[in-house]
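The two complexes that follow have chain A in common; it is paired with chain B in the first and with chain C in the second.
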Partner chain A sequence: MNAKKVIVSVLLSAALCALAAFGQGAAAPEDVLSIVRAIDAKQRSATSRQDMVMTTYPDMGDEGNKREFAIRSYSKGEDDSYMEFLEPRSIKGLRILGKGDDNWVFFPSTGRTRKIAGTSKKDSVQGVGGDFSYEDVGGGSFESKYDFRLLKSDSGSWTLEGVAKKKDAVYSKIVLTADKAKSLPTRIEFYTEEDGYFKDLVMTDFKVMGGRDAATRMTMVNLKKKSKTVVVVKAAEYDIQIDERYFNPSRFDK
Partner chain B sequence: MKKILIAAAALAALFLALSTLKAQESSEAEEGGAPLADERMSVYGYGVSFASVDFRELPSEEAELGGIAYIRVKGDFKPQEGLSFHVEASYDARTGYQNSFVTLADAGLLDPADADAHTFMSSIEVDQAYGSAVAGDFSLQAGKLPIGWGSAYVFNPTQRASRPALLDPVVDETPGTLAILPTWSPADAFRLSAYVAFQDRSHRETVAADDGAIENMPFGVKAQTTIGNFDVAACFIKEVDYVELAGLMPGSYERSLFAGLDAAGAIWDFGVYAEAVLMLPMGDDGLSWDPDGFDFLDALEVAAGFDYSFSGLELELRAEYYHQGSGTSDKALYSPLDLLSGRKLLQAEDYVFARLEKTFADYFTLSAGGLVNINDASVVAMAELQYEAMDNLELKAGATVPWGPMGSEFEGRYDLSALGLGEVDVMRSSIYASCKVSF
Partner chain C sequence: MKLRERILGSIGEFVIRHNKLILIAGLVLAAVSVYYASGIKSNTRINDMLSKGNPRVVAYDNLTADFGGASMIVTLEGGTKERMAAAAEDLVVKMRAKPELSRYIRSISLKLERDFVLDRGFLLQKPADIRRMRKLFEKTSILPFVTGLNENLESTYTGDEAEEDLETGRQELDAVSSMAQIANFADALRVAVEAPEALDPRAAAGGLTDAIVLGDQYSFSQDGSMLLFAVTMNFDIASNLTACDGILADMKALSASLGPAYPEVEFGYSGDIAIQADENAAMSSDMLVPSIIAYAAILVLFIFSFRQVRSIVFAMGCLVLGILYNFGVIGATFGELNLVTSMIASLLVGMGIDYGIQVTTSFNSFREEGHGLKESIRLTFRKSGYGVLLAAATTSASFFVLIACGSKAMKQLGFVAGVGILTCLAAMIFVLPALMAWLGKRTESANRIPQIDYGLLERFGAFAARRRVPVLIVSGIVAAALCVSALRLDIEYDMMELEPQKGPAMIAYRKILDKFEMNPNSAIVVTNGVEEARALTSKLEKLSSVSEVQSVSNYLPSADEQAERLAEIARIRADLPRALSMAYGPSEVDALVREVQRLEWNLIELGDISVAGLGENNKIVRKRNAMIREILGAEVGKEGEEVFQKLIAALKADPERAAARLTALDAPFSAKAVDMVARMAAADRPMTAADLPRSLTDNFLDKKTGTRNIITIYPKASATATNEGLRRYDAALREIAPSITGSTPLFLDFFDEMLGESKKAALYVGILVLLFAFLSFRSVKYTLIAAVPPVLSLVLLFGTLPLIGWKINALNLVTLPLNIGIGVAYGTYMLQRYLVEGRDLRAALKYTAKAIFLSAFTTMVGFGSLGLAGSFKMLASFGTVLFIGIGYCYLTTMLVIPALLGDRKAAAADAGETVIEERSAS
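Let's turn to the complex of A and B:
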């Protein structure tokens, strides 16, 4: 299996899960900056451990044509992440360490750890049946990337439009819908200058996991390619003690 | 025969155990919201069926077939956090020209009728079996373990604990070496690791009286740090190789000391790496310092390369240059005995490997490339179509075409008449198909 595909798949899953896992309770501020900050605040945790299953559908209309990955992940702060593949068996034991923009991959067959080249955030993410850019899987708060305005506010949700602060941003605009009671995003529409509205991320099946309210099912649809990726979080724990070796480039394979 | 029956029974038992485990995992996954199975103990692996034909002789009756059946079973046991055990066992059956004994018999290097000749069609081996312990900044691996040093993709000058299995059609695992490997990592920016091995690089099946001599103990020490975008390592390695070829090369130990450097990182969107060792000037005993006649380029072994992904095209390019100072640029000096004994798999000084890989229609990957001997202008061209038919089913079809002028390395035919033997053909033009099932 193509190593880059695998890395991308895992980074994607981790990023989506981070996006979905927020703290409990919510204020209901009506000024835009407070809303965005409330959402950003709930993405943060000191550490986390998650079990997830990611399913890719190259053709969103063909549910039988799919590939499934089972992944265990650990994260620390915004920069450190560790992933281990449990399924499929063909890549079982493959481990990926991310520290900021640096990535290392441990290949269990050769017993070798390799450093993987950084990739432009503009690059299309390959191999998971969708058009995810590395921007999707990177860190950073909504507030730091977009200038928001309130499009709509009803009894249960806010709809915010965020315009990119940087001219060279991957997305020129996003439209974010968030649940008022939870301060959790339930849907994000992604726009680019070239393609307009072309991706849609929907978060559903909210459950309490690890003491936090979190979406346990995330579906990313690529409207241009007609493909989708579904990530289901099976279990999650937050702010727990995690052995430092998982985040050490020379020992994460041990 | 008895050995094979026992192995077959053991493998069958493992499959039965595995099917039970898989059933348990599936039922847990269907419950939803339950964590993935915490695999304290797991058994997994893969099986490969591989068939090839030497098409250079087609359609004549001289055309030969080759077949491989390979099963690798892996097991993990994690009794507690920070402590684990790993084992890998393989069943390897090769027929026709895929069996190295057939090639040797063709050249008259061994007689299959000789009761003492090693002419096995199949073998069963516990290739890896080791424990790992992690405590604080220290970790320790001990047993029969893979020592995979080096950042390069095809050639690894710093990997001296085992011989490389270059261009093997089914196996890409690093062979296990009897060794202990401690690692100390007080900070992310600094890692120190070392190994002491209890067998030489040849991993031969038989023992020799001097195996236990301390001068025949290989070791390596590596210090690694991170500088900007690059992981950089410096190492010092002692290599011990036992070289022999029945009737032609009496067994002897070859000892060498190497100082090495390794760097891997990124420049723009290119992944780049370089890995090099310098063989230090030692005397014939491999122990005493002897700088007389030292030639830097002859002592140098380097692999350097890059990889690049073409944005939006699902296309990857990889290229690697390899310099083997101990090789020769004069093809008249090629040594088929070095090749057949495993002492040196490549004969020349300079090589380039390149490969282009295109993914399409979601599950298909087409790759094409080759290994070029720059010194004698011979090449091994390779093309392959891979299809991931299911999560754990991979189908491949491809061709390997060695080509070169007469007497060149990849032309592949060596005349051993001076040794009273025949011609040996070590390179085959193969069309192949394979099926790999992971479990």
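Let's turn to the complex of A and C:
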């Protein structure tokens, strides 16, 4: 091979490498957004119905001290949610309806429905959500709430850091780990300005339910209170027809 | 003849020659022992058995020096709440009036003084609560007031702007307190509506305002069926053990004297003093009754085991002397018996008689061979003396080595038991032969009492020797199986499970656990000032295992808090409510009925909400279920007091009459309410410790400094119901403040210490035993064989306990080293004789089987009697575990050792060979 050809080959190779590197850098933000959108899409559903068991441990070191609740929930879009307690017997039939920022509670013991307005997003869901707050169970995509960047990518997962878009967001930052094959989160760390690393959500036991892959076991640990809540999904259906009465404040208690 | 035989022979000669002198000396020693023994006290305090360096012991001792601390919890049941309260008030008056009692009392926590609540009540409330109270009392007529009460509840818990969470013990108690106030108010209103015309409306109005402002002044259980109050003494239990019985007796006499006035009210007692009294009673019977049972059982066995009745009587008499000498030493040294050493009499009955058995058996066998009285005594010393001395030396040394342990409990046990072995040995090798020499029968005579044939035991051992392989295989399999079972061995950390269970104090304790969902065994800590107490109390109240924290900081808010509250109080003062008067007609009565129904619904819903944060059976739910009814979702369970439905029924029964009553009541109620608010709003300066009533200062503050104060922490009954829960609770307390002390933390430390010390002691004893065995046998093989029974028996023991549902606890852990020290003796006897008889197993069995059986049996009876007769569970478990352990030592001695040794003669006979006998030079 003569010298000229060598020089051209080297220059071409260098140009190709530069292009590849440029392409890598230029592609990164887009990839992260794609990842986040893929995760959001996987979790999005027009409607859902779930039967679950929620176990709260006020002291996560004490597995014997726990409160167990069997719950049926319905959701529609990002704003409407309905929960009904099936167990324990003492609160069987208690229902909570959430529409946006407003919540109603139906007490089967008295037959009354009370409106709970202006609840703080960071509060536990009507006190019965354990370590899951309204923010945690509420709707809204990751994309709409956080600006993400990629922290790490390995063969099985992505780790993304999301900074809150709004100043008054409940969580100032989240670190989300998602399974590449499933495009589903496996772990989310929640941070607040005040407490720093505040809560930890781990999602495991992925199964196909209602035609989609989803985590059936979610464990939320509150690092400040040293408490934890475990939600186990027993059955789920998505994008199904749900009676409107479940999301109607004057009918959900019937 | 070996040197040791000569020495022992000389001792025998001495005893024979100076038998009367020895007997006189023995009696004199007995008299001296009685003198010293009469001063022995019993002390069951756990902290006195812990190492002095234990920080919790140090904290406890410092605390009790300033605050005293012995407590008495008094419970009242039966009748209405008013009757129980009245009975409690009368009892307290009587207590204070009785000098023999009042001189010991530091504080009585019966109720919070009314005047204090009215003068300082607002300062004890958060600003938000003061604002709610202000809003509540804006309208002081009854109907608007009840409406305001509903709005207050809804804004606090159940409504649009509910502010209050229900997660912590403090929030739970505050909610229950509010519910109690409302229930009392509803009840008082019903009484006023139903009352006869003669009822003074002003008195009724006073009752209404007191109910809603003061609530339950006394400490009632959620269902209102039990009242409880605590009496704290100015001394610590250990510093005045003898006072406890007297105090309890006086209390019982006082409550009995109230019987005619309050026949329906039943009094109960728990706490340190009552439990100590139960323990004293149990220990007295546990020391005496089991010893008598053991003694009687042994006597009966001996009568049917030995031809010479006199020698039995002499042996038993010498046993009593040996034990008496030991108590004399205890009286002259420690002067007290603790939980561990209190069993020493029963232990020595079983262990001390061993030496008498060996001496008597040996003596009788020589007599039966035709030897004269004195010659038999000489031969006993020469032939059996070494074995007896060796066994006693090994056992006593095993106990003495416990003195090297760090634990005070182990040290005292080691000393007392070690000395006890030696005093019993001394009695058996000096006094017993002296008695035989002086008073023994010169000629053998026929005994008409049928005798037990112990040949079966010899044949048992011989069988094991002939079938060694199967015996060893089966033993191995059983040991392996029980080894696996031992992995399931559970531990008892709850000291209350080990107290005398049938004692009245324990019965009261269990009722308190059930009715108050609170463990009355408190933890305590002292802080140097109110702010330190506040910080600590705040952390403690957040623990999910804590039911209640009593702290002076609950009654003395911080300067900032008081400033905020004073500002709110000033607003109330600037715009005090006005007294109103409202006329009631049927429509107003209807409106009131609706509001009362709303009130009921609000409280029902409050209970529902509380389930999420506090669990199904929390205090709020229990209070709701008691004052209304049991609610299960849309269903109804057990009946409750139906305070609201009864009020509604009273209002509806005759609306015209109800309206008239309400009209008459309204103005005085309004006036009283306004007066109360005015009084409460008069607080215009921060509160100091000087403003606290005496009941609080006596309870919380150190009299010397006035600033050091005590915090009392009560755990939830559910949190301490399991071993894991107890450990977690203790760990949580330790993490917050290592100096938190009290009976539960101390007992857990005691257990940990005993666990560590027992393992250490077992190691020391094991090494010592092996050393003694090696020095004696001069053979590794026989040393290891001697070690088999104690080691194997422990494996079998720990495997058996889970199968019979028994647990290891702080006291029966001590059996670990004891089992080794005592159990090794049987194998030692057998092996020693085996070697003396020239490795002839059959001869060894012939001479030792009966003696080993009697030794083991008497020891088992000595310990086992504690298990059967002992009402103090801790001591009873000790006895039972040792009974099983020693039983296994005996079985392994009679089965495994012969199997290991083999029967050479039988084997040779089978093979058609002759065994050349090798008699040892001894």
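One rule holds for everything that comes next: the second predicted complex is superposed on the first by the 211 of 254 C-alpha atoms of A that agree within 3 Å, B and C clash if a C-alpha of one lies under 4 Å from a C-alpha of the other, contacts with A are read in each partner's own complex, and residues count from 1 in each chain.
Everything below uses one rule, namely that a contact is a pair of C-beta atoms (placed from the backbone, for glycine too) under 8 Å apart; a residue touches a chain by one contact, two chains touch by 3 or more.
Just so it is clear, the model here is predicted, and its values are computed rather than measured.
Novice: Who does A:Gly61 touch here: chain B (first), chain C (second), both, or neither?
Specialist: second
Novice: Touch test for A:Arg89: chain B only (first), chain C only (second), both, or neither?
Specialist: both
Novice: Figure out whether A:Ser141 sits in contact with chain B (first) or chain C (second), or with both, or with neither.
Specialist: neither
Novice: Which partner, chain B or chain C, is in contact with more residues of chain A?
Specialist: Looking at chain A, the partner in contact with more of its residues is B.
Novice: Determine, under the contact definition given at the top, whether A:Ser250 touches first (chain B), second (chain C), both, or neither.
Specialist: first
Novice: Once chain A of both complexes is superposed, is A:Ser153 in touch with chain B (first), chain C (second), both, or neither?
Specialist: neither
Novice: So, A:Arg72: does it touch chain B (first), chain C (second), both, or neither?
Specialist: first
Novice: Examine A:Lys99 and indicate which partner it touches, taking first as chain B and second as chain C; both and neither are also allowed.
Specialist: first
Novice: On chain A, what residues does chain B touch that chain C touches as well?
Specialist: On chain A, the overlap between the chain B and chain C contacts is residues 58, 65, 67, 88-90, 92-93, 109-112, 114-118, 124, 126-127.
Novice: Give every residue of chain A touching chain B within the complex, in rising order.
Specialist: Spelled out, the residues of chain A in touch with chain B are 1-2, 4-5, 51, 53, 58, 65, 67-68, 70, 72, 86-90, 92-93, 99, 102, 109-120, 122-124, 126-127, 129, 207, 216, 232, 234-235, 243, 245, 247-251, 254.
Novice: Which of the residues in chain A end up touching chain C in this complex?
Specialist: Contacts found on chain A: 56, 58-59, 61-62, 64-65, 67, 69, 88-94, 107-112, 114-118, 124, 126-128, 130.
Novice: Under the definition above, what is the set of chain C residues touching chain A in their complex?
Specialist: Against chain A, chain C makes touches at 154, 158-162, 165-167, 543-545, 601, 604-605, 607-609, 611-613, 615-616, 621, 631-635, 718-719, 722, 724-725, 728, 732.
Novice: Can you check the complex and tell me which residues of chain B touch chain A?
Specialist: Per the stated touch rule, the residues are 29, 32-37, 39, 42, 44-46, 74, 76, 81-82, 84, 132, 134, 139, 141, 145-151, 172-174, 183, 185, 188, 191, 193, 224, 226, 229-231, 264-266, 269-273, 307, 309, 311-312, 314, 316, 357, 359, 362-363, 365, 388, 391-392, 394, 436, 438-439.
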